[in-house]
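What follows are several structures.
Shared between the two complexes below is subunit A, which pairs with subunit B and subunit C, respectively.
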Partner chain A sequence: MSNSREWPLFEVFIRARGGLDHKHVGSVHAADARMAMEHARDLYTRRQEGVSIWVVRSSDIIASDPADADAFFEPARDKVYRHPTFYAIPDEVKTL
Partner chain B sequence: MSMQIEALEERFQARIDADERIEPKDWMPDSYRRTLIRQMSQHAHSEIVGMLPEGNWITRAPTLKRKAILMAKVQDEGGHGAYLYGATETLGVTREQLIEELLSGAAKYSSIFNYPTPTWADIGAIGWLVDGAAIMNQIPLCRCSYGPYARAMVRICKEESFHQRQGYDIMLQLARGLDAQRRMAQEALDRWWWPALMMFGPPDADSKHSAQSMRWKIKRFSNDELRARFIEFTVPQVRYLGLTVPQGEIDWSEFRDVLAGHGPCNRERIEARRRAHEQGRWVREAATAYAAKQRDRELKEAS
Partner chain C sequence: MSAGSHGDAHFRYVLRLADTNLVLAQRLGALIGNAPALEEDLGLGNVALDLLGQARMLLTHAGALEGRGRDEDALAFLREERDFLNATLVEQPNGDFAQTIVRQFLFDAWQLATWSRLESSTDPQLAAIAAKGVKEARYHLRFSSGWVVRLGDGTAESHARAQAALDALWPHTAELFDADEIDRAMQAAGVGVDLAAVCVDWDRQVDGTLAEATLARPADHPWRWYGKRGQHGEHLGRLLAEMQYMQRTYPGANW
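What follows is the complex of A and B.
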C-alpha cells in the first residue's frame, strides 16, 4: 500500500428509487466524507441514477474471506427443510 | 509448492470455463492479475487522454446546445476513466501509481487520441467512429471474467451510446448542409476511418496477447472479427450520410509509429495531462489540509 498523500478510498452505495435498497456501485477517492459524497454524486448519478447515496470508508468494511467460503457457509448446506418446496402438499389443498 | 500452484491454476481455469466471475479477493494467477492491470489501466488512461482532443472544442462548438452536449460527453469520459481506475485498484495497485505511469509516459493508451481535431466535423467523426469502435470492443467486455471490470464496462457501455449518436447527429447536420460543410464531413471521415479501424488492434496473426486472453475470457472475439463487424455496421451509415467510404488498406506501419510515440500529438497529449495535474496540485493539497484540520477540530471537541 502507498504511504501516501493519496486520499482514502470510499465505497459508494446508491438507492436508485424510493422503495429500493442501497446497492454498491463502485468507489471514489476523497479527502473527507463530504468530498466523497460530492464525488459519488458527480461520478455515479450524472443521469439521475439515484435518490440517496451512502459512502463508507473502504477500510471500515469487514468482508468474509472467499478462501473460507466453503466452511463458512457450510451450516446452511444441509437444511433443505428451510425451503417451502421441501414439503409435498397434496394437490387438493389450495392456497398453501 | 508448485504442485499446489498447479492445482490452484487448474481450479481457477475451471471456474472461468464455467463462466464464473473472478472477484478481487479470489485467488488468481499472477499473470492474470498483471494482464488485467495492464489492460484495464491502459483502458482508463485512454478515457482520460480521450478528453483532450474533444476538450479542445468545447469553447469553439458552434452553438450553446453543442457546447453543453460536448461538455457532458467529456465529463462522461472522465467518469469512465474513474470507474476503470477504481476497478484496476481492486487488483492491488494504487491510483497514484497508475497516474504516475501515465504522466511519466511509461503506460500506453489508445493510439487514436494522438490524432488532431482540426475541424468541428472531427468531433462528429470521433463520436460516431471512435466511440462506435470503442463500443464494439467494449460490449464483449461486459461479460469479461473479472467482475469489477465487467461491472464497470456495463456502466460505460450504457453511457457510450449517447456519445456515438451525438457524433452521428453532428455528421448528419453537416451532410445536410452546404457544399463546404459536406466537404468538411467527408474530410473528417477520411481522417478518422483508418485510425478507427486500427482501434481493434493488429491483425489476429500478429496479436501477441490474444490466445491467453481468450482462454481467460478477458477477450471474447478476435481483433479481425470485431473490425469486420464494425465495417459491416458502419458502411451503411456512411452511405446514408451521402459520403464516400475511403478506399485502400490499413497502413500498419502508421499504427506501429503512433504506438511507439511518433503520432501527430503524442507529446502534446501527455504534456497537457502533466500540466493539468500540476495545476491541480494546490487544490488537492488544500483539500487534504482542510480534511486534516477538520479531523483535528473534531478530536479536540470530543476530548
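What follows is the complex of A and C.
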C-alpha cells in the first residue's frame, strides 16, 4: 500500500452512454497514463457504467480557490434576472 | 460425443482448458487484499473473475462431454491432484509481484492466441466460450504486458526481479505448445487449435514485449513439465487443499 502513495493521482471521467457528457466519478493512483486508464477501467466500469473514459492528472486541473468563493460566486446570488424564467414562452413554441 | 476414445479426448481437451483457467483464478484470488496497491487488487481480482467465469463454462461443458453426470462443482472440488490437467505454468506460486505479472503475461499471450483460434472450433459450445473469452483475454494481455514493460524497463531492482521471474517460469511454457495425442486428435477433428500456430503468435507477442521491457528471452529448457497429463509439481496439491477444503469438509454445502 505504501507504493500507491508515491504514484500520482489521476481524476477519472466516465461517459455513461453515447450522447451524454463525461462525468467525474472519482480518482485513481497510477504510475503513468496507461496504468491510470487501466485502473479507471478496472475500478469504475466493472458494472457497465461507461462507454468512454477520460483520465487526467489531478495536478493538471486548475481549480478555483475556496478562499475566493465570496468574490467568485456571491455576486451571482441576487441576479435572478439572469435566469430565463421571466420570459413568457409563446404557445406556438413547442420544444423549448 | 461422450462415448469412445474420441469422446474421451474431447473431454480431456476441454478439461485442460478449464483446469488451467480455474487454477490461475484461484492463484489470483489469493492476492485479494495483498496486491501492492488497492487499484491492482481490483485489477487482478477482475482478471481472476473473468478466468473463473470461463472456467465454469468450460467445466460444465466438460462434464456434459464426459456424460457421467459430473457438474462444474464436482469437477472443481472433488477431483484429486493427478486428475487436474492444468498447465504447470499457472500453478506456480504468486511469488513477488514480478512473478505474478510475468506468469500472467506468459499465460495471457497463450490464451489470447488460443481463444482467437477456438472461435472457429467445430465444437459450437467451445467456439461460443472462446468468443466471449477472447475479448477478456485481449484486456488481460494489455494489462499484464504493460506491467512487464514497466517492471522490465523500470528500476534496476524491478528489472532484476522481472528477469528472475521470467527465468524461473520459462521452463513451464514449453508444455503449452507441445502437442500430444489429444491435441493432435482434437486439431484433426477441428475442435482444437494448431499448437504450432499458437506458438508463432505467442513468440511474436512475447518477443515484442520482452524487447520493449529490455528483458532477455531465456534459453529453452530441456526438461518438460506435463501438467496437462496430470503430472504436477509440488505446488498444486496445496492450492487444491485450500480450494477444495469447504466442499470436502461439508459435502454439498451451499449458500
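The rule is simple: the second predicted complex is superposed on the first by the 77 of 96 C-alpha atoms of A that agree within 3 Å, B and C clash if a C-alpha of one lies under 4 Å from a C-alpha of the other, contacts with A are read in each partner's own complex, and residues count from 1 in each chain.
Convention: contacts are C-beta pairs under 8 Å (C-beta built on N, C-alpha and C of every residue); 3 or more make two chains touch, one makes a residue touch a chain.
Quick caveat, the model's predicted, so the values are computed rather than measured.
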Problem set entry | Simultaneous placement of subunit C and subunit B on subunit A, clash or fit | clash
Exercise. Taking the superposition as given, does A:7 touch the first partner, subunit B, the second, subunit C, both, or neither?
Worked result: both
Exercise. Who does A:91 touch here: subunit B (first), subunit C (second), both, or neither?
Worked result: neither
Problem set entry | Partner chain(s) touched by A:29 [first = subunit B, second = subunit C, both, neither] | both
For this session: Answer with first, second, both or neither: which of subunit B and subunit C does A:67 touch in the superposed model?
Result: first
Exercise. Is A:38 touching the first partner subunit B, the second partner subunit C, both, or neither of them?
Worked result: second
Problem set entry | First, second, both or neither for A:46, with subunit B first and subunit C second | both
Problem set entry | When both partners are placed on the shared chain, which of subunit B and subunit C touches more of subunit A | B
For this session: Have a look at 114-122, 150-158 or 186-194 and say which bit of subunit C overlaps subunit B after the superposition.
Result: 150-158
Seminar exercise, completed: Intersected contact list for subunit A, partners subunit B and subunit C 1, 4, 7, 28-29, 31-32, 35, 42-43, 46
For this session: Please name which positions on subunit A make contact with subunit B in the complex.
Result: 1-2, 4-7, 9, 25-29, 31-32, 35, 42-43, 46-47, 63, 65-67
Exercise. Inside the complex, what are the residues of subunit B that reach subunit A?
Worked result: 23, 25-27, 72, 75-76, 79, 82-83, 86-87, 89, 94-97, 151-152, 155, 159, 284, 287-288, 290-291, 294-295
Exercise. For subunit C, which residues count as touching subunit A in their complex?
Worked result: 36-39, 42-43, 46, 139, 142-143, 146, 150
Seminar exercise, completed: subunit A contacts subunit C in the complex at 1, 3-4, 7, 28-32, 34-35, 38-39, 41-43, 46
